[in-house]
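Two complexes, one shared chain (subunit A), two partners (subunit B, subunit C).
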Partner chain A sequence: MESTHKSNMATPVLTETIDLAAKFPGRVTPDARPGYSGWMVAKEALVEVSTAIRDELGYDLLSNVTGVDYPEQSKLEVVYHVYKTTGGPALTFKTQTERVDPAEVPSLVSVWPGAELQEREAWDMFGIKFTGHPDLRRILMWEGFEGFPMRKDYKEPFHEEDNKPLKSRWPEGKHSYAEARNPYGDNIMFKPGFDPEKWTPTDPEEALYAALKKYKTEEKDGIKTDHIIVNMGPQHPSTHGVFRAVVVLDGETIVSLKPVMGYLHRNHEKIGERNTFLQNVPYTDRLDYFNSMYNAWPYALAVEKLMGLKVPERAEYIRVIMGELSRIQNHLILFGMLWNDLGAYFTPALYAFEERELILDIYEAVAGSRMMCNYQRFGGVVRDIDEANMKKIKDLVFERLPRKIEEFDRLLSENEIFVARMKGIGYLSPEDAVAYSVTGPTLRAAGIPYDIRRADPYGIYDRFEFDIPVRHNSDLLDRYLVRVDEIRQCLRILQQAVKQIPEGPFLAGKPQYQVRVPAGEVYGRVEAPKGELGFYVISTGKGNPYRYHIRTPSFINITSVEKMCVGTKIADFVTILGMVDIVLGELDR
Partner chain B sequence: MSTNELNLPDFNIPSELDGKVAITTLDRVYNFGRRSSIWPMMFGLACCAIEMIAAQAARYDMARFGMEVMRPSPRQSDVMIVAGTVTKKMVPAIVRLYNQMPEPKYVVAMGACASGGGPFKEGYNVVAGIDKFLPVDVYVPGCPPTPQALVAGMIKLQEKIDKQSISKVRWYQKGGDSVEVAVPFLGPDLIDPRRIPEIKAKAAELATPSAQNAPEK
Partner chain C sequence: MYGQGLIKGLSVTFSRFFESYTEDIRWLFKRYSKVEFHSSKDTRGTFTIQYPEERLIIPEEFRYVPFLVYDEGENGEKNIRCTSCGICAKACPPQCIWIVRTSDPVTGRPLPQPAEFYIDADICMNCGFCAEYCPFDAIKMDHDFEIASYTRNLLNKERLMKPASYYAGIRPKNNAREEAARAEKAAAKAAKP
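Let's look at the complex of A and B:
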């Protein structure tokens, strides 16, 4: 069974050079700012150029859309990173608009539907208005919130200084509470003269309900029927956190669905731009809190690329070992929670947690914390794996885990009820999957063997022998089976890695609190357990990132949920959402 | 509960009735019942929720202390474990959930974020601790607290329950109805209805020219 469902995708070698400037004279120019790369597209030609990039050059996967604010040049910029699903490096293009209200840029939803939520985010955070966007509303903050928080001139109510590290509080030794700095004594800010009594509340939900698909009530056989709107979340046991979905139901069938998010919007990016480069590492742990070992990797990759750091051999191996262990426990938890959602309450989850605890034990021994490991550094990792822990890892990857995965598979995968609930549900065509920028196991279950470990290898993944599991039915069952196969491949990688790991230093240079990062922009990405995780970092050569954007798989994969759900039953929505594998820390950031 | 725990030490029970009769107070029996079946609300906000689930799972097994029945509905729960960062967008829902819980009800703030904002305190969408809105009974430190820490926090809550007296608890007092907290709402920023006059006065003061010229800090 296993052998028929894998792909030996080879890493492509890019031979062609793309000269967009010659192709679109006058409308596209190379981005000549020092440290920057890619192309600057005139915003009038954006849709035309991107259609050509997609159709003629074959960049079918829009990975990342984000805004950047340049108040000194009075410009707002939108950055796009596109990839080919056949592999290879990114094509980066940008467009600029005047920093006036409203700052308008044409929407690319018609070219890449996966831009939908990302453009809404850029509108919410930067106030960039995407003309032609079908549903441009605030996404992380609420409708009616004042200000665009990611603009450089926006100051939070608890703002202390523009950049960290904060000024020393010594020698006077005085400290103050953040509350004391704010005139309202709390984390709130209102315009001078604001009167809450005279303020007429505008319903923040109104725009949301207006965005749902319109429906007609009808009369069938003398019985009047109507559609109903159901709110699932933000407190709902099956949404895996504080996610909310508004669904329009016809009987039990889903007619329309809108995801609502931002209930865990913790301002990672704003805080990240005040932090120093190193201070962001522990924050990355709290993005996808199941996989703190994996999250800092793309960030470290990005900053290392700017700094030109070479990671020592041993550290590369440690990253792979920790990362792949993380992928195993992520998928195990997903299976446990999936069975919870299906009604097998908690027993499979207990099996999953049993194995997870063993992996967390290793994390705790190596990094000092079970969940928030804070383990990656620029140029390596913070601590070595000692002999005793290495033995624990070996026992796990050679003895226990292979046995347990087969046990899991044998116990659960062919259960009749399970298969009945999973087979043929939540179909997403491969074309749609790519168009909606879906990455990770969901994309591979649609028959597209796109795994960044192969498509654009990072670290030392090009040294290991492993397959990319692929399935072709693109339903829930296939998404589950792809993950089961993926765990087996993780074990293969791990077995090679623990055999090959060399002795030597685990951190390049000596540990330092404040790193010097040369000016420039960089996009680092990895195949995280949930999909493509990327960090877009701009440095100006100072101690803090000028722009720190996180492209998270949960957030972007959720774009396709409506497509998967329409036509299925409300009970299936729970499972479909579960199999997208969202985690709220990463979804809302 | 063993007889030793339940019995009042001052009364001697004849040996033939040992293990069959206990002389105790109403408070002890009442609190024993309550502390042995604390039902937490199945309600996770962020990272801490995962450790809360781990505390329920096999290795840490909170069921040993009678806290295993997680209820998805606030109507059936006794304690709200606020497990994670409280954001401005979420806090109206949390306060509403608290209001829907029947008395007696308790709040445990799990982790740094729920206790005081934690690493995200400076964020524009973060509420610096759930105690700005709800009365918190136990704070559990950590980021996230380990399952052991959560279990220890819940045992502290049990100790707190042990000290309550049926004649004094607020939910049996005359007119002592369930505690309701005014639900905050989302305007240009988060507005706490209890603080409306204060906000109005401060905003008016900031609008006067002298306040604008004066240094803020």
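Let's look at the complex of A and C:
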């Protein structure tokens, strides 16, 4: 069933240079700061320019929106990275606003609806007010939270120093527990002047419920009907973590839905800006904890680009091998958990886990840990794959996995109950998928052959022969089948990689715990198993990143969930959400 | 025919079910454990093992909360390798290493030995950076992962110290490689006038 559903998308060669400054004189200027690139758009002209970028220049996919704080220049900046779904490099543009509250920037939700959650995040973290945004509320922090955590002058509880390494650790490192240093003796901090005795709580959820479609009471056949609100989660077995969805129901049909998140939020980005460059590598393992092998790759790519490091051949191959194994086990878990959601408890999930175990055994033997691999370094990987483990990989790739994937296919793909629950459910039109910045298998199941491994190749993916599986119905069944096909393609890549891998060094230069990263900005992105994973890093030449932002596929793919769910039954929401393939470590960061 | 896909799927489940018994019977008469077989490509049957009676094989590179290596002297004294250079404390991502450097009481110059050494194992993320970047092979990642306790795990120098022979036991390949490198260095030093 595979052969008819693929597309041999060629990597586009882009030679055109775009001169936005000439097109919009006075409103767009090149970003001339050293190490920076892209265009600076006057905020008054932002909507006009971005509409032209989308419609005339064809950059239809908004990949990344984030804020940057420049207290010295008293500016807040918003950075946009847009791509073409036909492939090619990014177009970066930025806009700046004065750093006084309210700092206002026009919202781009009307141009790219995929900006919705990302703009809410920038509002939440930086206090940038997006005028015209349909539902600008806090997203990762709770309503009523004081301050904007990603601003440079925000200090969290237990703040000791701006940057690591902390001076109190050496040479006079007397251990003390953090809570002992807190005036309240507990892990909380109040804003100055706050008196718990005098505080009257307001309902923090009011704005959330107001954002939903309104209740309406009607008479149907002489009976009064009403819409009801259901809170699914945060503690709900089907959301695979602490994710919450507020759903308005008409009978069993979904009328409106809002995702609520942030329960696992720990402000990874703030921690990242305090860390040294290298210290961020193990932290990325905690993003999408199923794919820790893949997570640090775009970060390494970004920093290597700034440093101008060339990764040795063998390391490139090792990255591909580990990364593709990771993709296989990610999809396998998804299938297993999907069946859990559909009511087939744990039999398929445990079958999937068996293969995953074997892959994790290899990770453990090579990287030292099953899930928190901490394997990538700038300029390569930390350890070579030795003979014994290479043999294990070969055994898996040539013998066991192809056999087991077919078995899995036999177990699930044609099951009538399964098909009935999946076929035609959760439709998302290809236009909507692109507009909502959906990436990964969900986009490819909508008939758009967009895979960064081909569209904008990184590493050595341009050397391998593989297809980008595509399906056209854009329902749950197709999203499942695309992933099955994708596993087969992963095996193809792996088989070529283990045959071709050369001997040689696996790390460029000497291992260093303090790297020198020249000043500049960079955006590194890869096709992670769940979609596009990107790291936006700004270095000022110091030991720590000035800005460290992560564009995670789970977070941005959630934007389209309401679109997929409206009109379906509440029971299908569970499957639709499962198929978006979210993982909370990455969603909440 | 409707239901064909269902039957196809169930046949997979059934053969797995059947296999779990035949495999158990097969291993009943073998004296060695089937743990090794578990991580091989041919593994089949029940996949779970009976911890703690059965244990998975821990690969050499497996890493857990670090320990400090000491060399045993001739009279049983413990020569700690750490020179309190502070590199591990600087590299540690969650900053859970605290070191107090010893200084000479007379001159005030630093001595190559830590006076105190703490690792807050509750904060440690087992990343292995300390072991990776220590220039003296003095801090290494452990294999002992059963550290559940009723109190917090603040490990001091006493609790962190483990003999070099223990290290050689859990990481034979790494140890051999490091010993060779050290011997080479010593030889190069001796060759210099």
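The working rule: the second predicted complex is superposed on the first by the 582 of 589 C-alpha atoms of A that agree within 3 Å, B and C clash if a C-alpha of one lies under 4 Å from a C-alpha of the other, contacts with A are read in each partner's own complex, and residues count from 1 in each chain.
Here, contacts are C-beta pairs under 8 Å (C-beta built on N, C-alpha and C of every residue); 3 or more make two chains touch, one makes a residue touch a chain.
Because the structure is predicted, anything quoted here is derived from the model rather than measured.
Chemist: First (subunit B), second (subunit C), both or neither: which does A:R383 touch?
Modeler: A:R383 contacts subunit C only, not subunit B.
Chemist: So, A:P34: does it touch subunit B (first), subunit C (second), both, or neither?
Modeler: Neither partner.
Chemist: Should A:G26 be classified as contacting the first partner (subunit B), the second (subunit C), both, or neither?
Modeler: Neither partner.
Chemist: Contact-wise, after the overlay, does A:P165 reach subunit B, subunit C, both or neither (first, second, both, neither)?
Modeler: A:P165: touches subunit C, not subunit B.
Chemist: A:G308 contacts which: subunit B (first), subunit C (second), both, neither?
Modeler: Neither partner.
Chemist: Should A:V419 be classified as contacting the first partner (subunit B), the second (subunit C), both, or neither?
Modeler: second
Chemist: Tell me the contact category for A:G222 with respect to subunit B and subunit C: first, second, both or neither.
Modeler: In the superposed model, A:G222 contacts neither subunit B nor subunit C.
Chemist: With both complexes superposed on chain A, which partner does A:G368 reach: first (subunit B), second (subunit C), both or neither?
Modeler: Second partner only.
Chemist: Under the stated touch criterion, which partner chain does A:Y283 make contact with: subunit B (first), subunit C (second), both, or neither?
Modeler: It touches subunit B and subunit C both.
Chemist: Pick out the shared contact residues on subunit A: the ones touching subunit B in one complex and subunit C in the other.
Modeler: Shared contact residues on subunit A (touching subunit B in one complex, subunit C in the other): 282-283, 350, 353-354, 357, 372.
Chemist: In the complex, go through subunit A and note every residue touching subunit B.
Modeler: For subunit A paired with subunit B, touching residues are 140-142, 144-146, 149, 154, 156-160, 178-179, 181, 183-184, 186-197, 199, 201, 204, 234-237, 241-242, 262-267, 270-271, 274, 282-283, 286, 289-290, 349-350, 353-354, 356-357, 370-372, 584-585.
Chemist: Within their complex, state which residues of subunit B touch subunit A.
Modeler: Within the complex, subunit B touches subunit A at residues 42-47, 49-51, 53-54, 57-59, 72, 84-85, 87-90, 93, 97, 117, 119-128, 132, 143-144, 146, 185-192, 195-196, 198-200, 202-204, 206-207, 211-212, 216-217.
Chemist: Give every residue of subunit C touching subunit A within the complex, in rising order.
Modeler: Subunit C residues touching subunit A: 2-6, 8-9, 11-13, 16, 39-43, 47, 59-63, 84, 86-87, 89-93, 95, 97-101, 110, 116, 118, 120, 125-129, 132-133, 141, 154.
Chemist: Under the definition above, what is the set of subunit A residues touching subunit C in their complex?
Modeler: Per the stated touch rule, the residues are 164-166, 168-175, 275, 278-283, 347, 350-351, 353-354, 357-358, 361, 364-369, 372, 374, 382-383, 392, 395-396, 399-400, 407, 410-419, 511, 513-514.
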